[in-house]
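You will see two complexes here that share chain A, one where it goes with chain B and one where it goes with chain C.
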Partner chain A sequence: MLSFPTPSVYQSSKCFVTYGVMGHLDPNQPPTKSKPWSTVAGQDFINRVELIIPQDAFEVVRKILNEKAAPEFQRVVMSLHDVLSGDFFTECIKKGNVMMLSEGRKGIDNVFTFRNGILTMLLDKEAYERAGLVGKPDGVKGKRGLKPRWVVEIDLTSSSMVPGKKGFDRLIYASKNAFNTPVTWLFCNLSSTIPNPDPLAPHSPTRCAAEPSVLENLDAMLPTLKPPVDAIGPEGREELQYFSTELYEWLSLVRLQSPRIQVGDQVDPYLCRYQVPGDGQQGKICKLTWQGFLAPSWCREILLSLVAELPSKTWFSFSTTTFSKGMAGDNSEISLFRAQGAPGEYLMWEIKSHE
Partner chain B sequence: MESTSQTSSKNQPIAAVLLSRAHDPEETKRILTEKIQQRPLFLCPSSPPPSDARAARRREREKKRLSRKKTLKPKPLSANERRKLGLYDVPRSGQRYALFEPLHQLWLGYIREILGNEIHTGGEGAASKLTSADFHGAEVEVVRSGCVSRVGLKGIVIKDSRFTFEVVTRRNQRKLVPKEGTVFRIEVPLGGVPTATVEEGQSDEKQQQQQTEAEQPKMIFEVHGEQFQFRSADRANKKFRSHFSKIL
Partner chain C sequence: MSTEMDIDPPTTTTITTTTKPTKSSKSQTLTQTTIRSPVFSYAHLSLVSPFLSSSSQNTPSLDTLTARHYLTTALRQFLGDTGASLAIDMLLVKGTECWVRVPREDLAAFAAAVTAYPGQNVGGEEQMLMRVVGCGDWLGALVGREGEGRVW
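After this line comes the complex of A and B, so read on.
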């Protein structure tokens, strides 16, 4: 009874490729609702952003980045009761626009996230039963009854979430009795104004700014960077599949800083049979990485300015990776590639993990 | 296959055919008529009619005596009768929390007396004494439950039945809490005796007679309702063994 392993339904991550047109960018009215902008902004809690550009575009990019401030986030130790009471609650949660993620591995520990005004608690069975808040079972069909985990979602910005009302009082009771240990949170303020005095100050946060780490002047073999002409339409599906797979593989190797893409790489074919696809062009490329607790709105703004300001003959690749969602540690990712000479078109890979 | 019918090819009943395999023809015929076709059917096979009037009278008397004994024995009440008698109704005026406060104090004194010194050490000894204790008048709080809306209910027990606790809450409401899948927490303040600290991390250095309730050292224990599903009368002599609980 106690020693059988619990069966689970494992599904591997899936990759969706989109080859589309970006449309006209009006600097006064930045697009939000169309792809790819809506997919980039629709992610939650981005962990890493990587940008790959040819070396001669690096100056332009540096100018773009200097105009904007580096994204800032803070790490703070608070209990759930602190989050729900006092100045922090009235200023940051009710009125402000913030994003918070607590420590813990989803699927193993109890994790709290706060985004778009909704507090989501991912709990195991004991914590859920002790909390007394109504929630839904997590996982496919509640993991079919074996050690179910629960998801509780509460909209904290609604008018009924005020001290004195029954629903809020139940939440406070749960935070005092079931979740009274302080946990480490990552906090990101999405709005540009900080209320004075800073409500986080009594909890002594650690401020971190995500500066990009730059790798310049990598001598690399470049693949064919233009999608084949007949990749459009239903007949070109196979062409598109081959091209996008090879290009994504090359981009991933660049992101991993693999020696296979460098010029003059001689590796025993017994160990690795990878060869850069294409006709053996060489060039210098540059890679920038931001790592931290980043907001999807910031990613969207960076992407907009890159698309608007980089000249049309330069290609670039922009990818965002989220925090992992479950026990297996898979995370979801969006990679976008704009080819040279085709400024309105883009190729996008969306990797979605299933938990 | 040929259809099986009552008569064989010789127009004889099948019983006769089978019997003729075992007996000679005369025997067959005799057995067939006496024991099969003209078999007597006794209507009252186990009690032969009494041979004389005296035995008949004696039998009547015995039957009457037994039925009289049966009607004198009390039967449990049916649900309808219970509802009509209203034995467990609590009138609206009686549902006040303040009315049961003295009962609660009485219960605290009773528990302190039962536990004696075990109230300071806790553990197995205290647990075995508590299982046989009566819980009417205890202030219970639901701390963990399979039905999440019950968590947080707190009140004084006025009825401890086999599967439920009936409590009166501070807001003068009578609530019926099922014991299944629920964990109850009970706190017993030590009551002003200057002694050492107790479990649950409630360390209190001050040893004054007049302490506020929040500062008094308390003994806190949790009762698993799943394992507690017995009437308080039945629980007195029950030995509890540890079971694997499916809710944990």
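After this line comes the complex of A and C, so read on.
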């Protein structure tokens, strides 16, 4: 085929596949440092979570979800200066455990994030120069046609980040002179306590609860739900790649709600030659989707509950997608699939976009 | 970009072995692999019309055959017979949007053809154009991006 330039909206990415076994779960000491738990919790801001289960597992899932409140987040309009001052700064930033994301397309607009105590400012050249803060170049060097951008990272929990100290005062100065326009933020409180009075209240936040949307009783053509035995070992690499790519595609088609995986789909091969891999098994499945400003720690909690409470032979798939990172809307995703009838065995796909 | 971190080496080991995994209380990684060039790529397309009024009464809703026809026309116009014979799998057609699968090496040409397509006359005046909303090698990540704007 003739060669063409890569489309500008092309999300170029590679997929890192792990085939592993989850260890025994001790409910008193839930795992945090091992895969896949650390991978799921290590993401930044989650926009979308999707769970696919066999229909007969729905009751257990419903019970799990009823025991927890739907994840909450808030939408609020504040200037960067508001974030850095008063009770909000003291209670939420310094003492609290919150995450925040400001509106804007990364790579085009000036965007701020706050996570794990670090304020990150993604700025264009003019804003960076006006701010007068110390930062690093952001993005791939030499990207043709794109203006250079800058990233500034500041640990706001540091003891040097208080009014009166030079570094902090410089930041306050920048927030007043370069970033005094209020912007929309998404805010999520990761701790179980809210300071009283709520320092967010004067900014009239909109509270949102991410309730899942549920699609039940989908009659689906099922793929093989367990990796092939010879996928392990150096000779099994191709086998694993093939199997995991096909399974990931099937799970994606379920998430897309494509008719191609549904029982009875009789599309003309001229229009589509997709075939569900496997031996023609059918089954009823259920899909739950959450969308919002979700914490990776919540994702890990849900995953832990699923693994602990669903019967060990039940398969399921759990995928978490982050907010877009760049101009092409690059986002990253972790999908996990627990195999059927093979206790603890899982496949995990980590899709990260090339920067 | 980021590298995979083994934070807790004693309990996460990489084993390449041909034995079946045995019951163990520890987490284990049996094998890992990186997929850089999968066989297929995916595209999310949207049918738009710059002349459409907000009442949208004239927006055609696509069916699979019509959508495929627009794509064939666009590809033939841009790439001749080679383009027209490009393998496209229609995964979903809904409202004015469609999702397709193409061989990975053909994605760039496909997207260029769709973008270059000057439009299709529908019912007289209006010009229907197809726009690539997004494309990539991993369908789930494309699907996962949907609706992000709604949160704001």
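Simple rule for what comes next: the second predicted complex is superposed on the first by the 338 of 355 C-alpha atoms of A that agree within 3 Å, B and C clash if a C-alpha of one lies under 4 Å from a C-alpha of the other, contacts with A are read in each partner's own complex, and residues count from 1 in each chain.
Please note the rule applied: a residue touches a chain if its C-beta (ideal position, glycine included) is under 8 Å from a C-beta of that chain, and two chains touch if they have at least 3 such contacts.
Values in this document were obtained by computation on a predicted structure and should not be read as measured data.
Within the superposed three-chain model, A:Tyr128 lies in touch with chain B and out of touch with chain C [touch as defined at top].
In the overlay built on the shared chain, the residue A:Pro259 is in contact with chain C alone; chain B does not reach it. Contacts of A:Asp82 after superposition on the shared chain: neither chain B nor chain C is touched.
Legend: residue contacts after superposition of the two complexes on their common chain; A:Asn331 is shown touching chain C, with no touch to chain B.
Counting the residues of chain A touched by each of chain B and chain C gives the higher count for C.
Touch criterion not met for A:Glu72: it reaches neither chain B nor chain C. By the document's definition of touching, of the two partners only chain B reaches A:Asn177; chain C does not. Within the superposed three-chain model, A:Lys35 lies in touch with chain C and out of touch with chain B [touch as defined at top]. Chain A residues in contact with chain B (one complex) as well as with chain C (other complex) are 1.
Considering their complex, residues 1, 126, 128-135, 170, 173-174, 177 of chain A touch chain B.
The touching residues of chain B, when paired with chain A in their complex, are 143-146, 148-152, 244, 247-248. Looking at the complex, you find that chain A touches chain C at residues 1-7, 9-24, 31, 33-35, 38, 42, 47-48, 50, 75, 103, 184, 186, 208, 229-234, 236-237, 240-241, 244-245, 248-249, 251-253, 255-260, 267, 270-274, 291-293, 319, 321, 323-324, 328-329, 331-333, 335, 343-345, 349-355. Listing the residues of chain C that touch chain A in their complex gives 1-2, 4-5, 7-8, 11-12, 16-18, 20-21, 23-36, 38-40, 64-65, 68, 79, 82, 87, 89-92, 99, 101, 105-109, 111-112, 115, 132-148, 150-152.
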